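In what follows, chain A forms one complex with chain B and a second complex with chain C.
Entry: the complex of A and B
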């Protein structure tokens, strides 16, 4: 009988190729960027100049605020659409569910660029929706190149990421709970608010965490569908990287973005622990 | 069954490895034959015109093959020069990119023993780049809406009461600063040195009426087509292409902003002599005239204007017209970064 440590080592060794891949192609470059953020732009030597400039320019703070706003907005919007979808899917037979899941995933499989252009056709000034509104005498609504357009574009991409964790969480609830409550006299609404919803919170939080982290890094959708106020971290990194050619600044922004994501992830996972304890208590 | 399978598998592998060994010669046809140049440009219809006016004639004359790349990017140039792994021998640059690239040490000094730039306008004679042609930008507008009530000068562009409509400008400060001054009433000859505060005040006034601050040049004309905006700042080449495709778009030839298209050799290129020969070739009078006929740009070699195709004449910017503004790349050098950052901050408010 091998000792526990030897067994663990052997199992861990299966992960070595993946670990090597991640360390060399992900961790090393990440440390390279961290190192570069401390460089001088005009020569050699280390400095905190890039970070000093970042925290003293209003540009960075505004962009940080906008990024957080857009990311939180994306979480709320996708939650709004994804929860009913997941609820509906949880009630389906497995075969039907698989079919519907394909429909949920279709936008996920389409390229971002194609989706954004198709949204332009739909939401544009002379797009399909505005033409329909014009038939009723309503003047065109601006749905593109503003925050609304960005929210639609981001949600369209992020809904599948929200649906899956919530669906898993809902599926894990034993159906007897609902039946027991119905026998005791609870109406459908009560069953939902007192049993289903609280028990699905871990899934909601997991999905929100995922969607939030993903949307922090988004760049193309705000750039294509947003207006002048919808500048996010990705745009800022691009600005310093390719327009200003100040790579230490670009690296510093990237580092701060990663730190923000980590901070949010830690915060939300604390909430997640809290909510799963809550759901254990209530069941 | 196994006997039938293995020879076919073996021959498959043999064929694959033969292909792999032979492929370098196939992928880079010039490798065995002699020299080749890699030129990075802006692609699109401009790239096609460059093939006809410069690249193919050059290959015919000298036998040196030309391979094109697109996506000119100062950041990518910087990586290549720093890593001493220069892939692009020649890059196309416009206006302020030339002093910027020169200051970053990215370009080879132009070898005047090979490149002849006598009797060219002064803007063609930068120490590190050759200026091959002059392009123009100005106000574009739709011709199927507004019934002619469109701005033709920058002051009219700024006059939102007299000429209502959605405006669009570029999302960078270069050109936009000068446009703002002209919109505020400054004549072209007095734009430089720029009164930055006055320009920003003028931009503040037009801000509520600007529907798009355009990032992609393509959109400066497509947004008009799609009825997402009405009056934009765009280039003659874009409008010319669309008019030739019968799109209802018009262009004002008043108060145009002139810029210079340059080309330079990346520092550390392994084909320096061939690159210099190409840069010289680009400046030959007959080449410049062919380029002018294809694109509507003005040649930088003097006395070439008379020989241009009369049908293209209307597109050629008038270098002598004092109403037009020639971009002053030297003024921008050293100021672009700070002003561009200020502009981006201003856009966010």
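Entry: the complex of A and C
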């Protein structure tokens, strides 16, 4: 008979190569920028200078505000668009649902560059929409290189990310609940607002936090579809690294970004633990 | 009552159709444009030709960056499969202290913004003097794809009944034989699925590559990204069509593998 602890160690050892890889190429580099963020740009010695400068430059504060605005906006927009899709999918038979899901999965797996380029083709100054408007003698509308463009691009990218968690929480609801309420005389709207919607809130919250984390770190879409004023954290890191060549400042922005993401992720795991406990209690 | 219910349904279906159209239509328009024969972006496209695809193969640099992307994606896919599948086995089958923490650590690149990973790797590679362009990209992409392999392979492992492995052990099969003859064959669909997704993620990866790539090592997405910033060139429509085709092929491949596995 093998001793149980020995078996455990053997199985754990299978994760060793991956853990070593992650320590040397993920944890180490991240601690590297943490260290870097306390460095002086011109030489040696530790300092809080980068953080002090960041929190006093109007540029950083404006970018932080823009990032927050765009992230919250993206959460709201993608939630608004994703909920009906998830609700619709949940109501389908499994066969049809699998079929319709492809329509969400293909954009999910399409390159973000392809999506951004396609939106530029569609919304640009001489883009397809404006070509169509011109045919009716309407002067071109500016839909690109401004906040509108960013929001369209972000929502288009993020909707699938929001659909999946909401769909999961909708599918977890026992269908008998709705039927029971209908038998007792509740109308469609009442069933939705009193049963379906509240029970799907864990999915809504999980999706929203996920989308929020993703949009905090966005880089490509604001860079391509946004205007001069739509600079977010991601673009700021690039700006400090390449234009100003100030590694401590770039690192400090990245560190703050990671810390925010970790905080939101912890909130997310707390909510998921809570909701799984709830479903265990009810079953 | 019935009438009103179906009216509600139709309205929902209409709204959902509009949203799905918003997700799909821009890419479909770009695909249509890529087969047009003009050197400008017009819709509906005039005529039908492969001119833009010909330009892709003729213009400087596109083909070589495509090859680089294929090489990097292939190498990093192999690397993460070698690392990720055993790790998934350890996390699903093992019962050891710190397992949850290890899982959290190995999956954390999913939640850390890619810009931060990109900067961290850029600084790190500069400090340790790793200047080989292709190696930088393979290492960086592997960090981004490893969590997906662990999640997908882990889900596959959870569907394999451990009793099968135990039965083989009881009948005298060695540990290696069980792994080779029972676990791995059952896990093959998940390994293929995670490999396909890892390849696609690596092939499409922009942000990390944009920071980490050296000037003479531009992957296809990096070259695309810098090109879009210059001008909305119609060649990009042809590339978009090919990239979308790759995504669809991989999605279909994954669906086929999963269906095969379920019917087996």
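Please note the rule applied: the second predicted complex is superposed on the first by the 234 of 283 C-alpha atoms of A that agree within 3 Å, B and C clash if a C-alpha of one lies under 4 Å from a C-alpha of the other, contacts with A are read in each partner's own complex, and residues count from 1 in each chain.
Assume a contact is a pair of C-beta atoms (placed from the backbone, for glycine too) under 8 Å apart; a residue touches a chain by one contact, two chains touch by 3 or more.
These figures come from a predicted structure and were not determined experimentally.
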item	value
Partner chain in contact with A:46 - chain B first, chain C second, else both or neither	neither
Chain B versus chain C as contact partner of A:267, first or second or both or neither	neither
Partner chain in contact with A:63 - chain B first, chain C second, else both or neither	first
First (chain B), second (chain C), both or neither touched by A:241	both
Greater residue coverage of chain A in the superposed arrangement, chain B or chain C	C
Partner chain in contact with A:182 - chain B first, chain C second, else both or neither	neither
Touching partner for A:134 - first (chain B), second (chain C), both, neither	neither
First, second, both or neither for A:124, with chain B first and chain C second	both
Touching partner for A:229 - first (chain B), second (chain C), both, neither	first
Overlapping contact positions on chain A, where the chain C interface meets the chain B interface	120, 124, 126, 223, 241, 247
Sites on chain C touched by chain A in the complex	5, 8, 12-13, 15-16, 19-20, 22-27, 29-30, 33, 41-43, 82-84, 86-87, 89-91, 93-96, 99, 102, 105-106, 108-109, 111-124, 127, 139-140, 142-143, 146, 150, 200, 204, 206-207, 210-211, 221, 224-225, 228-229, 232, 236-237, 240, 243-244, 247-248, 250-251, 255
Chain A residues within the chain C interface of the complex	8-9, 11-15, 17-19, 21-22, 25-30, 32-33, 36, 81, 84-85, 87-88, 102-107, 109-122, 124, 126-128, 131, 156, 159-160, 188, 213, 216-217, 219-220, 223-224, 233-234, 237-238, 241, 247, 250-251, 254-255, 257-258, 261-262, 265
Residue ranges of chain B in contact with chain A within the complex	73-75, 78, 100, 104, 171-172, 211-213, 215, 226-228, 337, 340-341, 344-345, 347-349
Contact footprint of chain B on chain A as seen in their complex	57-59, 62-63, 66, 120, 124-126, 144-145, 223, 228-229, 231, 239, 241-247
